[in-house]
Structures are given as C-alpha cells and as structure tokens.
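One chain, chain A, appears in both complexes that follow, with chain B as partner in the first and chain C in the second.
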Partner chain A sequence: MSNLTYTVIFYIFAAITVFSAAFVVFSRNVIYSAFSLLFTFFGVAALYVFLSADFIAVTQVVVYVGGILVLLLFGVMFTKGIMNTELKSDVLHIVPGTFILAGIIGALLYTFYTTHGWMPSATQLHGSIVERIGFETMSHYVLPFEMVSILLLAALIGAAFLARFDKPDNNKS
Partner chain B sequence: MILTPLSHISMPLLMGNNLNAWSEALVGFNLFGLPLGLVILAAIPLVFIALYSLTYGVYGERKISAFMQDRLGPMEVGKWGILQTIADILKLLQKEDIVPTSADKFLFVVGPGILFVGSFLAYAVLPFSSAFIGASLNVGLFFAIGIVAIEVVGILAAGWGSNNKWSLYGAVRSVAQIVSYEIPAAIALLCGAMMAGTLDMQKITLLQSGSYGFAHFFLFQSPIAWLPFLIYFIASLAEVNRAPFDIPEAESELVAGYFTEYSGMKFAVIFLAEYGSMFMVSAIISIVFLGGWNSPLPNIGSFALNDWTNGPVWGVFWIIMKGFFFIFVQMWLRWTLPRLRVDQLMYLCWKVLTPFAFVSFVLTAIWVIFVP
Partner chain C sequence: MEHLIPIGLNHYLTISAFLLGFGLFAVMTRKNAIVVLMGVELILNAANINFLAFSKYNGGMGGVMFSLFVIVIAAAEAAIALAIVINIFKIFKSVDVSSIDTMKE
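On to the complex of A and B.
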C-alpha cells in the first residue's frame, strides 16, 4: 500500500471524526447528537490505529460504543418528553467565548511550535503490543490495576443494589 | 513459532501457499495507482455473505425447517423449489421502498446500513484460508468480539427510527440481550485465547494444525474445553438473536421486533446482516475451538489423509463447512426449542452462563499453567 493511500484514508477518518463531533455539538435533536457520537468514537478508534495502537482502538470501540453510547441512547430513548425539549445551541456570551477560544487555540499553537518534533518514543515498537500490555499490567502496574478492579466491583454492587426492587412493592403492583 | 509448514501438496493457485499469500498479493495489486486490491479484498467476504445467505441461508433454512416439521417446503419454482430464492429476490427488488410518514426518516434509512456494517466488519479478521485473511491483526479475536457494538447501535437506530412501540421495545430487548451475552461469550473465547496464548486468529488456527487432525483442535486439547465451547455456542445464539433467544422478534408479542416497519430492500439488508452474523459467530467458534481451516482428518500410517486435505484451497472448504455445520445446528435448534421468557433469558445469562464461564476460565488457566 502506498503512502498516498494511507494519507487519503487518514484524512477521511479525520474528517469523519471532526464533522460528526461538530454535529454532536450543533445538532438541536438530542437523538441525532447521540447517534452522531457513534461516528466520532469510530473515527477516533481509526486514528488510534494510525498511531499503531490497535489494542486501544478496539478497546475504544468496546468501551465507548458498546458501553457508554448504548447507555446514553437508552437514557435518551426512555426519558419522557426528551424530544420536546428545545436544545440551546446558540452563542450566548460572545465576548468571553471568543477570549476562551483564542486562549485555547493560542496555547495549542504555542505547544505545537515550541515542542520540537512529536517526541518519538525511545524504543521502537515491534512485535505484538498486546503481550506487552498484558505483562506490564500484571507486573509493573498491578497495584493500579487491582485498585481499578475493586472500584469497578464496588460500582457493580452499588448498581445492582440500586436496581433491585423490594419484594412487597412488587407484589402490590 | 514456525509459521510456514503448510502443506505443499495443495493446489498452487497462482499466488503461492505461504501464510496470507493471497491477501498480500491482493494488497499489492494497484491498478493505475489506485488501491484496487484493497477493495477486492473487502469485496470477497461481502460476495460470500450474499451468495451464502441466498443459497444456504434462505433456501436451506426453509428446506431444513420444512423437513423438520415434516413438510416439503418451497416446491413450485424450479426443481425442488431451487429457484425460489431468485424469485424472492426479484420480488424484493421490485417492492416499493416505504418509509412511514411519522418515522424518523434519516435514522430509519441509516439503521439497516449500520447494522450490516457492524456484522460485516468482523469478517475483516476471519481467516478464510491459510492464505487469505482480511487483516491479520494481533488483536483479531478482541476486534471480532468488540465490533459487534456497532451492530447494537444500528439496531437502536432502526428501532427508534421506525417510531413504533413494538420496534422500540424489540430494539431495546435485542440490545439488552446482546450486551448481556457478550460477557459470557467473551470470557468463553478468552479460554480459547489462553490456550493459544495469542489473539491473532491466524496464529490461533496455526496452533491447532498437526498430523493427527481433529486431535489438535483446542476442543480436544484440554478436558475442560467443552465447557467454554458450549457456553460460547449458547451465548452466540443469543448474540445473533436466533431461537431459543429470539425474544426481540417474538412474533406473538412484538410482531417482528425492531424491523417491523421495514420492507423491500431495507428488510433484505437486515436479513443479510442477520445471516452475516450467523456465519461470523459460527466461524469464530470453529476457529477458536475447532481448528478453523485445518482439516479434521488424521494421518493414518502412510495413508496421509491430513496432508492430502490441507492447504489454502482446502482451508476455504473446511472453514466454510465448519461454519455451515454450526449454522445447521442453529437452524435445528430454532425448530426444536421453544422460546425463553425475558426473565429466563437474563437468569440464564447472569446466573448460569457467567458463573460457569468464570469456572471454565479458572480451570483453563490452571490447565494451561500446570499441564504442559
């Protein structure tokens, strides 16, 4: 595959990501915003692939599309009267908004021009990254890994506790 | 790991016998500087889905269901009704493309497309032969499990876009079911990945090749492998919304679930997606537990059956046959078992399959660590 092909595919995915993200913000229909997020997440996953982070790319799809987006859609679909709510996507405070925008863009451009190169990694990637991720999680980063799993377990038990119903109430209805 | 000892007796099909030789030859094929080979590479599974769902999917299912219910099935068009599917396609093509007035036009149209893309994307990592795979990713199996998420969004788009209570409830049930059954399915596949020590589909398959044929398959390599195999098979039935887990499209309750409002070609695309994911899960289970494109026949002395029936072209035959076998079992179950209730469905997933998946996970880990 030639370099040109890579470049074209990259720009296609970049365009998908940017335009769908803009649509999420500017759309007045909350359902369209939610569905547009699919393309944003997918585009970001594709950009990860271009950074040779395939594992993170797939994880991005699993976590954000399979988990968060579905949860979001369920929330939107089951909220009563959500389609009648007028979403505000107008510009309300032009002056402070412009200042913040100029500040952020200035800071980004400053970093872009003062950082020399894009800091290529000291060690080159070769072979499968997945195995390295597995080894590192189980050796170097085992404490954060365990802490996250305990946190998630607590969240899971909490969710199950909140969602369960009381037996007497259920019989009445 | 040695990646080359593929059979030399197989038919040399222009491009050689090395691992992924056909795919690499296609990727290198640039006509007028355009990456035409990439398009062809992606088009091959697409053509396969279309052909297989037309022949085996639609006609086969109707005939198999008919024989199971002691009927004849389609008999009018052509000898034994062979041309019935072509007649159906002609009819579907001519149908008016109806979009309900109160439907959300955009989501209604886009829904089936997203659904099909979701089921088609996993074909990128299915090795159809030792010489052909869409993308030999080192996260192949993980990709195949994870990409189903896009299908879920397509179902929700179709259900919501139809602006119909049955459709919406069908979509929500379907999504709840797919999302829940992903957990036992993923853990069961993880057992296979643990035995292989890799997530690369092509390497998983290569590790199961050997002169004893089926004895090298992961299903027969460990005494506990049947448990994740069974768990994944049950969970995959639920993931593709097949009976006995076809609650999302329970006719007596929800008309046709999330595709109640669809007709004509949009309906055909939804069905194509369903048949696509049916073959996809069947291929995944054959790759992880039953050796993918490896021949199941063993070498018996000088009667080298395994060597004769291995190679890139035979590989295509074996994986498609293994996939078709599991699709046959799916159809068989559909016409044998009654449908589960929603609460039974969730009970089965969370209180039966998931704990057993964890048990098989731990046992497989012990087996892999302590038994060389």
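On to the complex of A and C.
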C-alpha cells in the first residue's frame, strides 16, 4: 500500500470519527445520537488499527458496539419519554459550553502543535501485537488483570441489583 | 501541506482533542442523562486514542495495556450508569438531569 493511499484512508476514517462525534453531540434526537455513536466507535476502531493495536480494535468493536451501544439503546428505549421531550429544552448552559468546547480544543491543539519535543522512539510498534499483549497480561500486568476481573464482576452484580424489577410496595408489609 | 501527508503523532492527538471537546460539551450542555453518558464514552475514547498513539510512537506496551483496562472500566461504568438511569426514570418519570434534585424518595 503506497503512502498516499494510507494517508487518504487515514483521513477518511478520521473524518468519519470526528463528524459522527460532532453529530452525536449536536443532534437533538437521542436515537440519532446513539446510531451516530456507532460510526464513531467504528472510526475509532479503525484508528486503532492504524496505531497497530489490532487486538484493541477488535475489543473496541466487541465491547463498545456489541455491549455499551446496545445498553445505551436499551436505556433510550426503556425511558420512552425521550422522543416526546421538547427539543428546545434539551440543552442548558449553551454559552459556557461553547466557550469550554472552543477553549479545550484550541488549547489542546495549540499545545500539540507548538510542542516540538515529541521524540518518536527508534523502535516503534509494528505489525500485530496480540502476542505481546498476551505476554504482558500474564507477566507484568497479572495483578491489575485479576483486579479488573473482580471489579467487573462486582460492577455487573451491582448493576443487576440496581436495575432489578421492584414489585410495588403495597402488597408487602 | 507537507506536514499533512506523513501521518504522525499530531494527527492522532488532534482527533483525540476533538473527541474530548465534544464529549465535554455533551456532558456540560445536554439535559438527557443518556446523552451525558455518550459524552463520557467519547471522552474515554479520546483518552484511549492518546494512550495508543503515545504507545505506538514510544514503542512500549504500557499504553496498550492501559487502554485495555480503560475499555473494561468503561463497560462497567456503562452498566452501572444505565442501571442508575433506569432507577431515576422509575422514580422521577424523566431522565432530565437538571430536574433531579432530591436524594431520597
């Protein structure tokens, strides 16, 4: 793949990511936001492939698109009053929000583009890193790995407990 | 134009800056709790892009492993937050975060 093709494909995915993220934020319809978030997640996964983190990209697609986005859509459809909400009342603090948006993006871009101290390493990541992720998980990161598994179990039990169906209290003492 | 052609670290940092800005904007200005959650997911994705970009150009595996853990935490956070949002909807009959002003029923 030539360098120009690589660049063009990168810019296509970058544009998909940024514009669909903007649509998530600026669309007033929650369903449109949720489906636009799908494109953002896919675009970010494609960027992970460009960053030679293919395993992370697959995990992103499985966890975000298959899990989190479905959860968000369930949330949208459970809370069915969403589609009826007044569109104008959907936003608050629009002026400070816009200032923060412009300020954060401007400050970060200014910092990134005026910092000339990024020194890329001579040994960058290349190709597939699935093997190295396996080695790192079982050597350096064993303790965080186990802790995060316990945390995930506890969080899911807690979520199921929080969202359980409550009978009305009047037939209980 | 010349600095746009070879894809470098700054490209990824720019995308992540935009995602972070949009996510913060959603968290600050939207009233719907689910859109606020989407903003949090955008912020986490921006952080992940930064981790992976620095990890690639550094050559180490720290950022890659950290981004995996970030994805796991994001899954746990989304599950808990959706449970809380559904409870809020059951009690207040809306998911408008600016109308929730009591901490007990």
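Keep in mind that, in the parts below, the second predicted complex is superposed on the first by the 121 of 173 C-alpha atoms of A that agree within 3 Å, B and C clash if a C-alpha of one lies under 4 Å from a C-alpha of the other, contacts with A are read in each partner's own complex, and residues count from 1 in each chain.
Note that in this section a contact is a pair of C-beta atoms (placed from the backbone, for glycine too) under 8 Å apart; a residue touches a chain by one contact, two chains touch by 3 or more.
Because the structure is a prediction, the values reported are computed rather than measured.
Look at A:129: by the touch rule set out above, it reaches both chain B and chain C.
Once the two complexes are overlaid on the shared chain, A:74 sits against chain B and chain C alike. Between chain B and chain C, C contacts the larger number of chain A residues. Applying the stated contact rule after C-alpha superposition, one finds that A:16 touches neither chain B nor chain C. In the superposed pair of complexes, A:24 makes contact with chain C only, with no contact to chain B. When the two complexes are overlaid on their common chain A, residue A:35 makes contact with chain B while staying clear of chain C.
In the superposition on chain A, A:7 makes contact with chain C only, while chain B stays out of contact range.
For the contact definition in use here, the residues of chain A common to its chain B contact set and its chain C contact set are 4, 59, 67, 74, 129. Note for the complex: chain A touches chain B at residues 1-2, 4-5, 31-32, 35, 38, 42, 54-55, 58-59, 61-62, 65-67, 69-70, 73-74, 77, 128-130.
Per the touch definition, chain A reaches chain C in the complex via residues 3-4, 6-7, 10, 14, 17-18, 21-22, 24-25, 30, 33-34, 37, 40-41, 44, 47-48, 50-53, 56, 59-60, 63-64, 67-68, 71-72, 74-76, 78-79, 81-82, 85, 89-94, 96-98, 100-102, 104-105, 108-109, 112-113, 118, 120-125, 129, 132-133, 136-137, 140-141, 144, 148, 151-152, 155-156, 158-160, 162-163, 166. Note for the complex: chain C touches chain A at residues 4-15, 17-26, 28-32, 34-35, 37-39, 41-42, 45, 48-49, 52-53, 55-59, 61, 64-65, 67-69, 71-80, 82-87, 89-90, 93-96, 98. Residues of chain B that touch chain A in their complex: 27, 30, 33, 35, 38, 104, 106-107, 110, 114, 137-139, 142-143, 145-150, 152-153, 156-157, 160, 168, 172, 175, 179, 182, 198-200.
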